[in-house]
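Structures incoming, each one as structure tokens.
Both complexes below contain chain A, partnered by chain B and then by chain C.
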Partner chain A sequence: MTGLFAPRSIEELLSLLAGSGEHEKHFIAGGTDWLIKNRGNISEDAVLFDLSKIPELRGIENRGSYLRLGSMETMTSIHTDPEIRLHAAALCDAASSMGSVQIRNRATVGGNLANASPAADTPGALAALNASAVIFSPSGTKELSIEEVLGTCPNKNTLSDSDIIMEFRIPVRKSHVSAFKKIGSRSEVSIARINLAVSAKYEDGAFCDAMVFVGTLGTAAKRSPEAENALLMPISLRKEGFKKALCEFAGRMIPSRSTLPYKQSAIQALAEDVLEMLEARGRSLEKSGEKSHG
Partner chain B sequence: MHIRLAMIVGVMFLKIELKINGKFRTAEVSASERLIDVLRQKFGLVSVKEGCGAGECGACTVIMDGEAVCSCVVPAFQADGHDILTVEGLEENGELDVIQQSFIDCDAVQCGFCTPGMIMSAKALLMKNPCPSREEIRTALAGNICRCTGYVQIIDAVETTAARIGVCRR
Partner chain C sequence: MDKRSYKYIGRNVTRFDAVDKVRGRFPYLADEPFPNALFGAVLFSPHANAVVKKIDVSEASRIEGVEILTYLDAPNARYNGSEWFPGQDDYPDETVLTGHARHVGDRIALVMADTEEKARKARDLVRVEYEILPAVTLPETAADMAGMLHEDGVKSFDGSICYGDLEKAFSSAAYIESDTVTTPKIHHAAMETHSVLAIPRGDVLEVRTPCQITFGVQYSIAQVLDMPLSKIRVIKANMGGTFGGKQEVVFEVLCAWAANRLKRPVFINTTREETILSTRTRAAVKGKVETALDADGTILGRSFELIVDAGAYLTGTKKVMMAMGKKASRLYRIPALSYKGSVVRTSTTPAGACRGYGSPQIHTITEIHTDLMCRRLGFDPVQFRLKNLLGEFEEDPSGGANIGKARVIECLSRGAAAFGWEENKAPKVSGGRFFTATGFACCTHGNGYYKTKYHDFSNMSLRLLEDGSAILRASIHELGSGATTALAQIVGEVTGIDVSKITVTEADTQFTSYDSGCQASRVIYVCGECARLVSEAAVKMLTQEASKLLDRPVRFYEGGLVCEGKKLDLGAAVREIMEKRRVSIEVNFEHRPESNPASFGVHFAEVTVDKLTGLVKVNRYLAIHDIGQAINESFVRGQIYGGIQMGIGMALSEELPFDSMGIPRVRNFDKYHLVNAPDMPDPEIILIEDNEPGGPFGAKSIGEISTVPVSAAIVNAVNRALGSSLTDLPLTPAKVVEAARNMGE
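Moving on, here comes the complex of A and B:
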């Protein structure tokens, strides 16, 4: 018998979870992926939990050392938020380029990670920003990296079926810049063929502490240490080094896939664009004297 | 604990209360029903068109709490407590909304299938930004596909609406 619950608090969700035993569980966030995947084939003994009425899963706030981002925040609420724009520009880029206005008004950041599509946009941005996901379950809460939630299997996260993504914690880091860009089949409302998210510390034109994640190469966020190292190169060699490193990285991740030549060409163009965005953001950060993550 | 549930032959239904075009309504919905199903089948609001059924074409666009959404990817149970506006709710006292009239005057309608979705996306934009640029109009309508390729006239119609509302000085 399909069960459908709309808890009004985490506490209420907890008691419902305890009562749902071994039944197959579905947690519904914005519903944009869930409906397409599940409509018409929800198993008879499944129990559905609508997460849209739980206030603890909402909110964006600056807590000093990190931004707290509720998992039920939508792409629209994220890309229009001044704190996200200032301290997590890569996430702002990803949220504003995802889907159409209509989808951005419904799709949530928690749902985007949980759905674990390799072409998802926000997981790579969150990973590059060194964000963690706070996971709630009846046995307690734990903090996982984005890569730990995604694991290695496409379209499947590593969470157990009573785990809920409650919030993300995005470190607020001084002098850091970040950027995200994707290439799809058209300029808007497009699913990424490949995407790239980078954050780094910027000082006098040089980068350090870089984190580089590429999406669509198996999972939504694959870290590229070679591209991170390339960003440390002298400025005159940096652009070509970064492009070459990402090209080699794609070859290493999907060596036998037919789309590899396309992705290697596309990622070099993305690398140039993202590098330009990072440099421009770094310059404006220095100009404004505002030494916080932009 | 506040949970409203009803079981009917093996399937769980949820009773939802929502506002549709200014009137409070209730409906019993199943787990797999979508907002579009409730609007079309339970309330006869057939301006809401189903095109792709996957949130890509925008034909099913309605306004939910002031925001454009694709009603084919909103689970019906999540519409509980929300305010929905469709094209049927635009006309007042027998007079078309200025946006409807502008679509007619600018020849922005060809086969008409995409028109209600286009109008609701544009309406949501104008509710927030009564004086949008052509670029902002394009972004707002990027999720609405017209197979008759009438985009220029549609953008003209939205611009004309903005001019007629009168906030905009160009």
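Moving on, here comes the complex of A and C:
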């Protein structure tokens, strides 16, 4: 018979894991992807682990140099959190545009990464924010980049059966701005056809230290060095340069895909919109900085 | 009668089922398991065109209590599930189960068990070996490949309509303009998936189904089971939406046959994927239309050539194709017309009835063509239409019914003014990539079957009860539109009885009288008028009987009985008549309409097209309808909102594509994109209520027509925004991006 465990601590999870032997294991975070995939076809001897009741996997807090984000935090708790909004706007954008209200109330940021759909929204935002994932396993904890967790295969992460994504650490960086946007078939409740996440340092209208990630081009977060370089261009050339670079990047990533012409067009719209968001956020950052100094 | 003095007509009476629906308590068939019923899981074909070589049920039947019926057990009787009366000549090519699967989702076997879980599990254990044949996926080549899909080898099902001197019209024309438009195969997307329950009860087989035509279900079952109609009792079950998807018979015959054979109740229920793949769809159409005009832009003649994709079985698609042709002469004055339609079968999900029964397709084709033609010739699209639209009480030159009190010219001119057509007709650009423009489209639809090849009448009885309440026994099928409440409003208006004390029944072939079914936009115009007339007859009987009782003249005045200036209580009068005269106040009435006017609508849409993302946002929307009289305005508005939602989907995002092997690319709502609430405009609605003769209190249809002009209005707006000539629906982002890329080239 299928078994379900809802451990109340990491310790309890570990002992349950150890006791479940060779049984097929399923980890359920918010369950929004899991249910669709597994409804009606779970093997009889499978063991399910509900991770949502483990307090160590919860919480959003500012620890000075980084934000600690528990992996079981939901999209709703993320996009309504003031610290996230302030220091990780791209993640806020991604969490608020994912799925429907009902999905956002259940879906978790850890589950979104573990599920590793190429069309996922939050992994790209986390990657652009230079976040790391803290992975717990019986042999100890390790810190991996988002790209390392995603690997190169769509819909499959690189973690082993006993690895648990505990939390994310998002660096708190002065004068940095970030933004995320996606394009789907509809303005809401829609899976991304393409998405774009960017973070950069903003100074007097110029960007530096940019990180640019694009989703749906094979995996959920592909880094584009050419687009990062384009953001450093003089303001008068920046927009066109950024658009062109992303267009070329898409061509490089999925050269023979039939959807390429569309994605190349749509990514230019994303480039325009995300750049506009970054500029607006940069300006308001400077304004608030001036205010606090004055 | 002065409209303002109506007690119920035009009022927003709350529908009977509102509270239960809002609370989630309204019971659908799948919510109430029937005692001792077997759950039936249909084994659907995974292949588009394949012959079963071997079917092995041994493993599945080892599960205790499982019953399996395969195509080998099934009767060979062929039927056409779109027929609703004996003798309709729709070609029969469907069987309850088949050993030759003709589309992904075709029915091979029925696996039954006491629980759904067990039935589905056993179903998945049935081993089938198929010989896979080439799929027939392109309507253009379907006729040549017909023998591969159907042993009958019938290449196509053709039909034509023509009148006037077309040759002369085209030879004398100053302009001849032509366009080809394609409309997609579409899923109805009713919230409730398909389900049916069959219960053997002695010599009567009872079937409960959320359907639109109980007498049609009865007839289909009778054909396959060889039972008298009187022994098949069909009860309309509560329904969670249809939009035509439940108009034809799909699983009813299979379920009835299985229950009858096993002598046990059988319940068939389907998932969303099963409903998408194996029920019915809106027929995809490729239509070429050519119009001959004189130098001033007056239409001289028009010709059509259409290929209509029926999917795997003919179903009602030939009827749909002919219905399209019959609408072609009822919007504009067209002195000469030739309409040629060819229905072909492909190895894809069958088509059938879908809201508008061909009207959305034909008007999408002609209204997109009209706009493109006007642009090419330099005519203003409003002026062009005003010149050619029909006026009131014109005849339909194709032989259809008189078009009635047409108000389409008012719809267009009032709409153009209200929407600011003149000010907004030039496209605007903002931010380099956002193109905003306005488009519109006109349309017409019918009000029943009068003067078509199908009979149209309705039979109801009304009994006034001894407490002053009333029951209208009618074969109504409440599809979710509020029809039963609307009919109660009509009865209440005539009899003066409070609507809350009136019960309107739904169809039950054993107890309610004959009616042609809730189809063809006939319910308000035909059934509503029947309800009005039976109510008048009941009032007449009541006053006569009351006069005899009191031996003094009793009149019906301002909604009540009056005798020599004194008001009488209706319930007391009924009681006394029953007691003292031994007469009950019940009348039966059969209404046979002698008219079938056109309803009209004009919709305006302002859209903004993002030329980089290809996404189209509908900013503003206006729907104007010539509906004679709203019986319940909130119901009318509800129909229009929903119609707009469906039409935008057909224009921009909804389609059921298949690959070259006939495998569906879309099986569920993850890839089937309906327009959802955040993307819906907040439509403005204007109703023109000018009393249509022959309808109850002047009312005519709205349910189907409200979706008819939408797609063309949206496409015309996009084409105006981009200066494009997009005619291949839906205008997906990729198509829009490509068109935008070619702008100015």
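Worth a mention:
The rule we apply is simple: the second predicted complex is superposed on the first by the 288 of 294 C-alpha atoms of A that agree within 3 Å, B and C clash if a C-alpha of one lies under 4 Å from a C-alpha of the other, contacts with A are read in each partner's own complex, and residues count from 1 in each chain.
By definition in this document, a contact is a pair of C-beta atoms (placed from the backbone, for glycine too) under 8 Å apart; a residue touches a chain by one contact, two chains touch by 3 or more.
On a predicted model such as this, the values are computed, not experimentally measured, just so you know.
In the superposed model, A:2 makes contact with chain B only, not with chain C.
By the touch criterion stated above, A:18 is placed in contact with neither chain B nor chain C. In the superposed pair of complexes, A:280 makes contact with neither chain B nor chain C. Of the two partner chains placed by superposition, A:153 touches none, neither chain B nor chain C.
Once the two complexes are overlaid on the shared chain, A:185 sits against chain C while remaining clear of chain B.
Chain A is touched at more residues by one of its partners, and among chain B and chain C that partner is B.
In the superposition on chain A, contact of A:262 is made with chain C only, not with chain B.
In the superposition on chain A, contact of A:208 is made with neither chain B nor chain C. When both complexes are overlaid on chain A, the residue A:44 reaches chain B alone and has no touch with chain C. In the superposed model, A:235 makes contact with neither chain B nor chain C.
For the contact definition in use here, the residues of chain A common to its chain B contact set and its chain C contact set are 40, 188-189.
Residues of chain C touching chain A in their complex: 120, 433, 610, 612-615, 617, 653, 670, 673, 675-676, 678-679, 733-734, 737-738, 741.
Per the touch definition, chain B reaches chain A in the complex via residues 1-5, 7, 10-14, 30-32, 34, 53-56, 58, 61, 64, 67-70, 72-75, 77-78, 80-81, 121, 124-125, 139-140, 142-144. Of all residues in chain A, those touching chain C in their complex are 40, 183, 185-191, 193, 259, 261-262, 265-266, 268-269, 272. Those residues of chain A that touch chain B in the complex are listed here as 1-8, 12, 15-16, 28, 31-32, 34-36, 38-40, 42, 44, 48, 50, 52-53, 76, 99-103, 105-106, 188-189.
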